[in-house]
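Shared between the two complexes below is chain A, which has chain B as its partner in the first and chain C in the second.
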Partner chain A sequence: MKKLTNLNAFFAAIAAKQALYLPVDNSVGKAEYKKWQDGTVYSSALNTARSAKDFFFPQTENLMEFKMEGKKIDVIDTREECEDFVIFGVRACDAASFDILDRVYLVDPVDSYYKNRREHGTVVTLACNRPAETCFCGAFGIDAGNPLGDVTAWKVEDGYVLRANTEKGEALLACVADLLTDTDDAAVKKEQEKLRAIMAKLPLANLTTDGVGEGLTKELFDRPEWAALSESCIGCGTCTFVCPTCQCYDIRDFDTGHGIQRFRCWDSCMYSDFTKMAHGNPRVSQLERFRQRFMHKLVYFPDNNDGIFGCVGCGRCLASCPISMNIVKVMKTLAKGGNQ
Partner chain B sequence: MQAMMEKRAIELLENGTVNRVLGWSAGEFPYDMTPAVFESVEELQNNFVYNDFCGANLSKYLIKESRKEGKILVFLKPCDTYSFNQLIAEHRVIRENVYVIGIECFGKVDVEKLKAMGLSGITGIIAKNGIYTVETIYGNKEVKMADAMAERCLSCKSKKHVVYDELIGEDGEVVDDCNRFDMVEKLEAMTPDERFAFWRGELSRCIRCNACRNVCPACTCEHCVFDNPNSGIAQKAAVNSFEENMFHIIRAFHVAGRCTDCGECSRVCPQNIPLHLLNRKFIKDMNEFYGEYQAGEDPNAKPPLGTFRTGDREA
Partner chain C sequence: MEETLIPYAGIVTKITEQTPDVKTFRVEAPNGGKLFEHEPGQCAMLSVPGISEAMISITSSPTNKDFMEFSIKKCGCLTDWLHAMDEGQMITVRGPYGRPFPVDDALAGKNLVFVAGGIGLAPLRSVINYVRDNRDKYGRVDIIYGSRSKEDLVGYDEIVSEWMNTPDFHVHLTIDREQEGWDGHVGFVPNYIAELNLSAVNTCALVCGPPIMIKFSLPNLTNAGFDKTQIFTTMELRMKCGIGKCGRCNIGNKYVCKDGPVFRFDELDELPDEY
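Coming up: the complex of A and B.
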């Protein structure tokens, strides 16, 4: 493990070689990832309003373009090799979300747009020290005090302790070696101990995945509670768009007047035209759309991914749902009235 | 307040005046109440909650609920009654299927303001004499209610219920000096370039979640133009970000003259975009061009944009 005392020098040294993004407070006091430049103030917020998935799976991107001249159509491949970049300050929840996205986008057929960014990005995670009441990563076996990523960082009393987890991480620390000194894990263990005591006091500390998980489609699909749970859902896409693991997209054409930009953009299962096909929409009511979102995260995804849940407990949807309905309320309700 | 509301709801349910109650149900935290329909006394006793965090405007749910069998009881704050009236004027809610209890309102609290004060790990909020004791796992803190009040409540336009079947608490008055156009005036004083930069900056945070549209009591089209692939402008997020900004501007135009300024759009925005300012600009302009008008105040009033008078200004 390595000890770092001058965080700003660390940022400057990395930014001299490649683009560095880190959470910065925006004009409304919420944190968002911004490119570091001299004078950038690192946010003290627990997490960013939008998740870190934007780096690998942006809200919109052009897939290809068509240029028309008379009867001639040129198809233009818009893909370019992405430049190397570093994201600093990713929390354990968001870091775990990358593994979930990888299971979707890096399996056959590999998504070349996603893979390109993933290969060129180096993720530096930061252990939590002041979790919020909306946090419940522990329910999914995620350790907020030991996040993954290429490099893990811990804030300790007199600086930061860093640990490289991958080759990419080793390479990153090697290029800032003159700012680092060797250290043991004593300070990290102390911080982890403190965090564990805090985590135990969180209101959602005892949330479990009992009652949900792989193989439960038949038990859960027709549960009567879906009606009351979905009743006040306004069908917006807030939960899906702040979610670090929501991965669905739509592909559309944008007519520029002299050509077409074929782009993809995040889609939401809460929307009325989600997965609309020639015959119409397979989910005509909000109950069905609502159920889809939670069944996907809590049953279908684990079904297809060795039991791994499609939620990382970051709590963003709890904080931002206009009507305060969320996955925790769903999990607790489904767990309560089991075996019906 | 909660006890009085619950008691009255139980009475009206038991005597058959209504068969359902639209209110709020308890959440995981002291501040995350969810709008809910209660169908039995037992449900009300177990889950019904009303407190300073019940900010949601329940009027829009009545479009659907008033078309179900029986009569539904709804609790409306003064500002919500304007939305309700506007929905009646537009024939979107069936009035006779709704029993409205107007509830006195002292302003609602925005939990984000508490969080912005550095409060995290919130486990309890106790209100007493204008002070909240916010209990957190990191210690307790006292906060003045006024410091945590939702932005829209700081410039509350009316404490008066414009429609109700009965009231719990006192009815108030229209607030004439509510200063709700202060920020609009600041924007008007900007140069066009400054104003353009202001809005591009604010709207650049938009994630096109549609929460503003879906919560808006004036947005009641059965099939929104932005959801219609045949409209040519259906988008979830366009390639060109200016196109994306146009969503809000088009929406503001569409609700102009019908927006009651309930503030739900800004309340629900996960990116804190001050969307209500677009609507307020239109309201201010219409007041100046066609005379004072408050949407929802009188369901029989002629709306300025739905009326033609030969003396109307041309531009």
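Coming up: the complex of A and C.
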């Protein structure tokens, strides 16, 4: 483990070699990832308003172009090798979401756009020390005091402790070796103990995944509670927008005047036209759409991914839903046993 | 690195008007031949850049080495455009996608009953012509095909000149209502199944058509002795990627684009009723 006391020098040394992104407070007091430059002030917020998925799965991206001339079409592969970049300050929940996105985009056939960015990005995670009342990563087995990533960082009393977890992480720390000194894990353990004491008192500390998980489609799909749970949902899609694990996308074309740009953008299963076809729509009301979102995260995704849930407990949907409906209420309701 | 989302450009070399709202499009690579190989029942994403992209079943048999064909009903912005275009126009194609009919496994050596309604014949035609080209690998073939009217039967000429003249092929056509110049069977496909006294022994059934036809065909096949493990169908839901990533064609934990579109009926029983 390495000790770092001069964080700004660390940022400057990394930014001299590659783009460095870190949480910065914006004009309305919310943290968002911004590119570091001299004078950038690192946010003290617990987490960013948007998740970190944009780095690997951006909200929109161009996939290819077409030149159309008469009856002829030229398909133009516009892919370029991504430049190396570093993200600093990713929390354990968001770091765990990358593993979930990997399970979608890196399985055969691999999504080359995602893989390109994943290969060139180095993730420096930061252990939590002041989790929020909306946090529940522990319910999914995520340790906020020991996040994953290429490098793990802990804020301690007199600086930061860093640990490289991967080759990419080792390479990053090698670049800034003159800013680091050797240290043991005593300060980290102290911080982890303090964190555990706080976590145990959080309102959602006792949330469990009892009653949801792989193999439960038949038990949960027709539960009558879906009607009441989804009753007030306005289908705004905010939960999918802020969610670090929501990965559904749309592909559309845009006429630039010089050709056709085919782009991909985030989409939401909460929208009425998500599954609409020329001959009909299998999800006709908000009940079906709402149920799909939670069944996917709590049953279908675990079914196809060794029991791993499609939620990391970041709590963003709890804070942002305009009708205060969220996955925690769904989990608690389904766990009550229902009608069987 | 390979990227399945990036399509090939192909030339539509022939357009055949099949019915008032169905045309069959022959697609070849710019230098001739097929854009890629496929198996019976698989699909491809067809697109006109700037208009849209959609999943369409490949109606030609893989035994056809010269071109691929797609039978497409006019029913949306992309298909309207395709119906209005001329031969020689390029389109883009990517694939093949999905799980095919098990022609070399569960269906090999069996008698086959094809049950189709309207444009639902398109994916089954790939299998039917594969079976014709591998005639010794399969037993008796019954094709029950129904449409609204005689004009709405897709590929009528091929059915009469090719299928009806294939050894041990038994073609049973039906239309919904009496019509002048039609002396064949009149009535809905599910009822016709019941009238035909089909044998389920050593037989598999392949069903594709409007959901209502599939719904009422299933009990009549069951009454004829078919177990759900002997009945296959092919599904259609909205798709954007074709590879199980865009997240919109799932039924429960299965993605129609990659786990389907072909399903056995006992497999569908395991999935929620949301299609």
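Quick note on the criterion: the second predicted complex is superposed on the first by the 331 of 340 C-alpha atoms of A that agree within 3 Å, B and C clash if a C-alpha of one lies under 4 Å from a C-alpha of the other, contacts with A are read in each partner's own complex, and residues count from 1 in each chain.
Operating definition for what follows: a contact is a pair of C-beta atoms (placed from the backbone, for glycine too) under 8 Å apart; a residue touches a chain by one contact, two chains touch by 3 or more.
Note that the coordinates shown come from a computational prediction; the quantities given were computed from them, not determined experimentally.
Because the two structures share chain A, they can be overlaid on it, and in that overlay chain B and chain C fit beside each other without clashing. In the superposition on chain A, contact of A:145 is made with neither chain B nor chain C.
Using the contact criterion defined above for the overlaid structures, shared-chain residue A:271 touches chain B, although it does not reach chain C. Put simply, the three-chain overlay gives an angle of 90° at chain A, taking C-alpha centres for chain B and chain C and rounding to the nearest 10. By the touch criterion stated above, A:250 is placed in contact with chain B and with chain C alike.
Look at A:49: by the touch rule set out above, it reaches chain B but stays clear of chain C.
Contacts of A:64 after superposition: chain C is touched, whereas chain B is not reached.
Look at A:310: by the touch rule set out above, it reaches neither chain B nor chain C. Closest C-alpha contact of chain B with chain C, superposed model: 7 Å.
Taken together, the two structures place residues 250, 255, 267 of chain A in contact with chain B in one case and with chain C in the other. In the complex of the two chains, the chain A residues touching chain C come out as 63-64, 66, 68, 71-75, 77, 79, 104-105, 109-113, 115, 217-218, 221-222, 247-251, 253, 255, 260, 262, 267, 269, 274-279, 282-283, 288, 292, 295-296, 299-300, 303-304. Residue ranges of chain B in contact with chain A, taken from their complex: 27-29, 32-37, 56, 60-61, 115-116, 120-123, 136-138, 201, 205, 207-211, 213-215, 227, 229, 232, 234-240, 243, 267-268, 270-272.
Those residues of chain C lying in contact with chain A across their complex are 1-9, 49-53, 75-76, 79, 86, 88-92, 236-238, 240-241, 243, 245-253, 271-272, 274-275.
Interface residues of chain A, counted against chain B in their complex, comprise 26-30, 32, 46, 49-50, 59-60, 62, 130-134, 198, 201-204, 228, 231-232, 234-238, 240-242, 250, 252, 254-255, 261, 263, 265-268, 271-273, 318, 320, 322-325, 328-329.
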